[in-house]
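What follows is a single structure, written as structure tokens, with notes after it.
When the chains are written out, they are named A, B, C and D in that same order, and each has its own residue count from 1.
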Amino acid sequence: MSGAPARIGGVEESGTSRLETFSDGVFAIAATLLVLQFQVPKHHGPAFGHELLHNWHPYLAYATSFLTIGIIWINHHHLMVTIARVDRTFLFISTLLLLVVAFIPYPTQLVAEASSEPAAAYMYGGTLLVMAVVFNVLWIYASRDRRLLSEAMLPGQVRAVTQACAVGVPMTGLVVLLATWTPLGSVIFAFAISVFYLPGAAMMFDRS
Amino acid sequence: MSGAPARIGGVEESGTSRLETFSDGVFAIAATLLVLQFQVPKHHGPAFGHELLHNWHPYLAYATSFLTIGIIWINHHHLMVTIARVDRTFLFISTLLLLVVAFIPYPTQLVAEASSEPAAAYMYGGTLLVMAVVFNVLWIYASRDRRLLSEAMLPGQVRAVTQACAVGVPMTGLVVLLATWTPLGSVIFAFAISVFYLPGAAMMFDRS
Amino acid sequence: MSGAPARIGGVEESGTSRLETFSDGVFAIAATLLVLQFQVPKHHGPAFGHELLHNWHPYLAYATSFLTIGIIWINHHHLMVTIARVDRTFLFISTLLLLVVAFIPYPTQLVAEASSEPAAAYMYGGTLLVMAVVFNVLWIYASRDRRLLSEAMLPGQVRAVTQACAVGVPMTGLVVLLATWTPLGSVIFAFAISVFYLPGAAMMFDRS
Amino acid sequence: MSGAPARIGGVEESGTSRLETFSDGVFAIAATLLVLQFQVPKHHGPAFGHELLHNWHPYLAYATSFLTIGIIWINHHHLMVTIARVDRTFLFISTLLLLVVAFIPYPTQLVAEASSEPAAAYMYGGTLLVMAVVFNVLWIYASRDRRLLSEAMLPGQVRAVTQACAVGVPMTGLVVLLATWTPLGSVIFAFAISVFYLPGAAMMFDRS
């Protein structure tokens, strides 16, 4: 919807609206596929309720990944409303970003089922880190010299988005580091980030 | 589409349209993923048809969850057409609501495969209850002092939505209570609610 | 997009556009989930290629269901462009239609894995029959006395849609009947219907 | 959004916008379902990390298919903005294209789990080849005698799209041929194509 598709005789100029539809689809599907990691307990009777209640790692992994995808979706929304057009490099980096977002359900399942395995936690934190890096590359490409930015964006607004994006890299880098000492702790830390960061990401709606 | 995105130089003000696209995606995907709980009977021959016909719990769970998601989607539609803009708190609560909606396929599978387990029925009713509560929180936040409401909404319309929302909490609370005595009965009760409530939810289309 | 959402102060009147988004989502997801029925052959070596090549029932089931969902989607599109508004009964029947559409991947998997089981073929044909019936109920409700129809619809156009819809019921009824004698044959017949019917459904685009 | 839906009294003429919504849904879902092929390693301990790290074929298959679907989506976007209306044959071929796109997760899983099986690589390359052929048929049908093209399209633009489409057939044909000698090599070649081709596909955004 952003980037006001200017049409000259049926040819859309910027192409941001269909990119948003496609991206929204990938974000929404990746977030909803997370539920497929949950498994029905195999033993019935008292063990059934016990496993549902005490095996909380899948819930933690689900909430962390869902909120993280939600934050990335919100940030992506902010990013798209700031740009006026799309070019090939932007589209290429966007595809890479979606490739990483769509991958999230797998490391989520890894830490849900094997939360004590360092490799699972590395994979999880690593995916979040790569996602944060690719997001920054996308934003830096779009905003460098105001390459793709809408003329209505004030310098202060651009700086606010830059800062909001940049903080993701050291934060998710810490998640990866933490996995060396405590795989489960690193997921809990990622959860804490997402809970504290979500209102911050959403806050930009108040300003825009 | 609602909230008439006012654009000033390419910057969308309210952001309701993309929130709707994302939400519609999550609702539609969660509803469609419900089918993955069904499993092909393992034994062929006469046992095959018998299991398809007599193992009716998965069908009950599927219909109940599908109709419930449909109702929530309709109510969410009503809610979105009443509001004029979106702020960070609204977005935060919306993300929580979607997190609960996207979770529904799991408790649905639990009651489909283990309908006699109280823990499965608690999980199912509990998810519906949490969803009803979060939906009310979302509506109360948006409508308190007409914070985010469109100016065109008449007080009578606001009251109608409030009442339609509020009834969900005691109803789904009853589903949870019933699970103590009869796990399967609580799912049947949830099904009855959804069947009777769906036309009521849809009725608001006649008035709007 | 159809039903030209007339907005008075931010309140959408008809609600057809979001119903279309939600429906398109369910159609697209149900069609795409069909691929999950395919299973990687368990034995490697020569048996691997042999099973991929000779076990053609899953391919038949996939193509039949995908084309059938495609036809229903096209017909649903035609139906939506003919109506000017949505009411609660229409929304209720629409939800039932989507419930049946979203169920299709399960009977598809049944006939893919157990094509010689009459119960699987009954379930498959039965689902298609119920879908055709619900679709007709939806159309009859909308078009009876031109209840929800756009004023621009000519009587001849209304009759064309009525005829195109009605033919689905006896056709899918035949699929169910055939399952009594030849389960696999009934699926092949359903495939033939979809292949011959798809251009017919699409043809209406030329007239509209 | 393309094909500027001209509405006369509520009846949409061309129907391109809903076809785009449906197509975007199938593209986005097929791309996101690819992640379901990944499986949590069964053995814990050192074997867990080893399998995550050294079993790289699933990652290759995931990236190749995701980028390929991304390219086809971009090309489909270009195609849709060039046309002014949709007819029944176009819709029929579009449905076949989506049927092939939605099938991709299966051959992807085949080469991920059995990358040394020629049959898996044939199936993978064959699916890409069929997709390229169907895409060309769709474009040739739309552009022959400018049948469905927007009047604003210049002959040079039409030729550019024709050339961009045509190159896909011999390229994916090579993938199938390569599978005879080296199944894994053919997937790596398909990956190389997608990486080099993506910027080229996206480049057309600069011109349009």
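Operating definition for what follows: a residue touches a chain if its C-beta (ideal position, glycine included) is under 8 Å from a C-beta of that chain, and two chains touch if they have at least 3 such contacts.
Values in this document were obtained by computation on a predicted structure and should not be read as measured data.
Student: Which contact partners do chain A and chain C have in common?
Tutor: B, D
Student: Starting from the Cα centroid of chain B, hunt down the chain whose centroid lies farthest away.
Tutor: In terms of C-alpha centroids, the chain at the greatest distance from chain B is D.
Student: For the two copies chain B and chain A, is the contact made of the same residues on each side, with over half of the numbers shared, or of different residues?
Tutor: At the contact between chain A and chain B, which are copies of one sequence, the residues are largely different (under half shared).
Student: Between chain B and chain C, how many degrees of rotation does a Cα superposition need? Round to steps of 5.
Tutor: 90
Student: Distance from the CA centroid of chain A to that of chain D, rounded to the nearest Å?
Tutor: Between these chains, centre-to-centre, one finds 24 Å.
Student: For chain B and chain D, what's the span in angstrom between their mean Cα positions?
Tutor: About 34 Å separates the centre of chain B from that of chain D.
Student: Name the residues of chain B that each touch 2 or more other chains.
Tutor: 21, 25, 29, 33, 36
Student: Using the touch definition up top, name the residues of chain D that touch chain C in the complex.
Tutor: 5, 7-13, 15, 17-18, 21-22, 25-26, 29-30, 33, 36, 86-89, 91-92, 95, 98-99, 102-106, 109-110, 113-114, 117-120, 122-123
Student: Write out the stretch or stretches of chain B touching chain C in their complex.
Tutor: Its residues touching chain C are 1-4, 20-21, 24-25, 27-29, 31-36, 38, 40-41, 44, 48-49, 52-53, 62-63, 66-67, 70, 73-74, 77, 81-82, 84, 150-153, 198-199, 202-206, 208.
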